[in-house]
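Take a look at the structures below.
You will see two complexes here that share chain A, one where it goes with chain B and one where it goes with chain C.
Moving on, here comes the complex of A and B:
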């Protein structure tokens, strides 16, 4: 029983990790908390629903949805993040937070105007269950875990091994110095926004694919869990965000098992507060001390 | 006429919570998850009446005290968290409290409380609103208010100048939460029902929008924001969905052009166009420049 719960927690954390890594990349490089990030996943999922309902195949839907999501993300970066970042001090974090919160609200309610404020069926799904010995595995979650792991490994390679990754890390460390060294910081930022939007889109597909549903408000729980995972992992650290997502997934599963499904959200809050009170900079401070 | 009275009274009740949220934000505790603190007041006051048989006149003050205690406790626990850490913690609290309160039988479980005795009269609402506004205004103008704002602008620097940052954070957050609890108690005794969804993400976000769109530099900002955003959708008569779309757009506009919100924009306009200010126009214009002096 406990192994079953741990396993489903770990499988669930794949989607959380994709969202958490997106939050962490945007925050690490631009210093912006993008509150609309999880809504990009919703936009992607609902675009697929819309395209398929017009009679096109799911593959065309997914391709188009990725393009639409990246477009929406670039627009939001231009309108809601860049203007706020010119402020000094705390306001340079606060204003983009307010702007992206507003942009997220617009996305949610814009989608609700088009699709109705209810869950709609997702055209491709894997809600079936595999039985392995005494364990039950939701098919969609197994697929999403596999896809997440592949994507996260590719992402680590991009960040650590490519020229783009190097310029990305340079901008994260010191934007002014990076510009002096000849890095086009605006292009790096556009690249980051595109990349994170792609991750959010994939995470949105996987969430809808696993549960068979898409809804205008589906982003909110993932936003909370992605943000919490990023923060307990240590703000801006990619591996920290993945570790955080794993912790959130496992804790949620255990809380559901022992305290009932209503305790799920509460357990996330408790983990967040406990970890932040002990390590105010998140789990990355443990690794750094060694 | 009765319709507008109802809308304005609702706005007055919610304004009490926005003023509390304004206190939180002006002390540097960016709190996008205010609804649980409002809901605490509604739930405590309502449950004491329904399940323990207290009179509403006794339960409402108890709810306000409970709001202060819970707010101070929360601020004490999260004392080490700043900015976005704090923001995400309160947002998580807001989401978690919806299902959390559903587990407590005393609070009516997932259904919430019904048949709460109706005790909120228009006179009570108006006097509570005026009282809270007065307290917040007096606090804002006092030397303590100056310390609070200094803390909100730059915490380490204010500490250097002798502000007791920790004590102040706890007390200000407690006071703001007490106001929120008063607002929630008035709400609960006005319509007689209180549900877990009153604590959720959307309610929190709405309160946050009222304060941010109204303006977070003066006490009148949140009041202006709340009344404007309550009345405006009724005047132009739009659906709830479109209304939220417009609110989102207003947030984006605030983040681009008016970091001081409506109150700040009106003040700047007044400085530019105000009567008999020809001599003062030059300084007025300097102040009216976007974000000059706002966040330095």
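Moving on, here comes the complex of A and C:
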């Protein structure tokens, strides 16, 4: 029973990790939280629902959803985040925080206007169960984990091995130095927002694919878990965010097993507090600063 | 007769190709109500090294930041680099157009290795030319070759200064701006840094050098400007400035 729960928790953490690294990358590069980030996953999932309901195939739906999600993210960056960079001090952080919070609410309510304020069936799903020995594996979560791991490895390679990744780390470490070295910081930020929106879109697909449902408010629990995973990991650290996501998956499973499913959400926050008491800078003090 | 004509012609060609690397006219820089620089004119010819000396807070760093586009220049200011007006051009475009800037405090990225810092500097070069460019600057600073895998932020102050210079000159800039390159360095390391600047100058790179160490700066450069309270108060050949009693007492400690 406990192994079964642990396994489900670990498998689920792949989706959390995709959201968490998105929060971490945006925070790492701009020093702000993108409160609409998890809603990008919802936008992607519901776009698939909408496109497929118009008679197009699921592949067209996914492709279009990725384009729409990246477009929405870039628009939000332009109107709700970039203006904050003109300000100095607290306003430069508060403006994008409130701006993206508002943008997220508009996305949620806009989606509710179109699709109704309840869960709708997702056209592609893998809600079946595989039996391995005495263990039951939700097919969607196994696929989710596999796809997440591949994407996170690719992301690590992009960040550490490519010229774009180097520019990205440079802007995150010292934006002034980046500018005097000829790096267009706005362009790097647009690239990051596009990349994180893509990750959020995939995470949204995977969540809906695993549970067979999509809903206007589906982003909210992932926003909380993604943020907590990022903070546990050490704000702005990619590997920290991945580790944080794994911890959340495991803790949720343990809490469900020993305390019942009602303790699941609370357990995440308890772990957040415990980890911050021990490592105030999060788990990134254990990894190199990436 | 013929020879004289040829000499005149070649002198004229030299005259017309002796381009202005940097032309600063009527520069003003203000931080709120504080006027850091006002009505400042400065010219740097191609191939020339010019020193800007002055005490703390005289406006030397603001001058360089305004040239680089990091602080806004006043409305009637004009800055041209090789004839191209820089007004309204953002800092990263100025850097991309060939203006290299080594700021005070060096502004390394902190978490990148020496090699990565150099790769950032070399990224505008054609991919085939990058390895050669890196080799060239490592010849300029052999010590960095030994440290290439080390995180630049963990190097000694002198080595960090070398990285800051190396990463900017790697892409063969058209103009080099330096802000206090000897600050906080041991004299022996200052010698290394200034030795490199001497080489870059000999290669024909125009250099605008801001220094509190007036003696060192004027020894390297042909000409100098003295800035006080945001104004140019003296300018002239380095030799003349070095032998001027008032400058000796104010800036040379003699």
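Just so it is clear, the second predicted complex is superposed on the first by the 285 of 290 C-alpha atoms of A that agree within 3 Å, B and C clash if a C-alpha of one lies under 4 Å from a C-alpha of the other, contacts with A are read in each partner's own complex, and residues count from 1 in each chain.
Just so it is clear, a residue touches a chain if its C-beta (ideal position, glycine included) is under 8 Å from a C-beta of that chain, and two chains touch if they have at least 3 such contacts.
Small disclaimer: the values here were computed from a predicted structure and weren't measured.
Student: If we overlay the two complexes on their shared chain A, which of chain B and chain C does A:140 touch? Say first, second, both or neither.
Tutor: Neither: A:140 stays clear of chain B and chain C.
Student: With the two structures laid over each other on chain A, which partner does A:262 touch: chain B (first), chain C (second), both, or neither?
Tutor: First partner only, chain B.
Student: Quick check for you: in the superposed arrangement, does A:280 touch first (chain B), second (chain C), both or neither?
Tutor: First partner only.
Student: Should A:87 be classified as contacting the first partner (chain B), the second (chain C), both, or neither?
Tutor: So A:87 only meets chain B here.
Student: Is A:221 contacted by the first partner chain B, the second partner chain C, both or neither?
Tutor: first
Student: Output check: A:28 vs chain B and chain C. Expected answer is one of first, second, both, neither. What do you get?
Tutor: neither
Student: Using the superposition described at the top, determine whether chain B or chain C touches more residues of chain A.
Tutor: Partner touching more chain A residues in the overlay: B.
Student: Hey, which residues of chain C end up touching chain A in the complex?
Tutor: Contact set of chain C toward chain A: 68, 70, 90-93, 95-96, 101, 103, 107-112, 116, 119-121, 123-124, 167-168.
Student: State the interface residues of chain A toward chain C in the complex, per the touch definition above.
Tutor: Touching chain C from chain A are residues 163, 166-167, 169-170, 173-174, 176-185, 289.
Student: Within their complex, state which residues of chain A touch chain B.
Tutor: Checking each residue of chain A against chain B gives 27, 33, 79-80, 83-84, 87-91, 93-99, 101-110, 112-113, 117, 220-221, 224, 227-228, 231, 235, 260-266, 268-269, 272-273, 276-277, 280.
Student: Using the touch rule from the top, collect the residues of chain B that touch chain A in their complex.
Tutor: Residues 28, 30, 32, 77-78, 80-81, 83-85, 87-89, 91-93, 95-96, 98-100, 102-103, 110, 153-154, 201, 205, 208-209, 212, 241-242, 244-245, 247-252, 254-256, 259, 291, 294-296.
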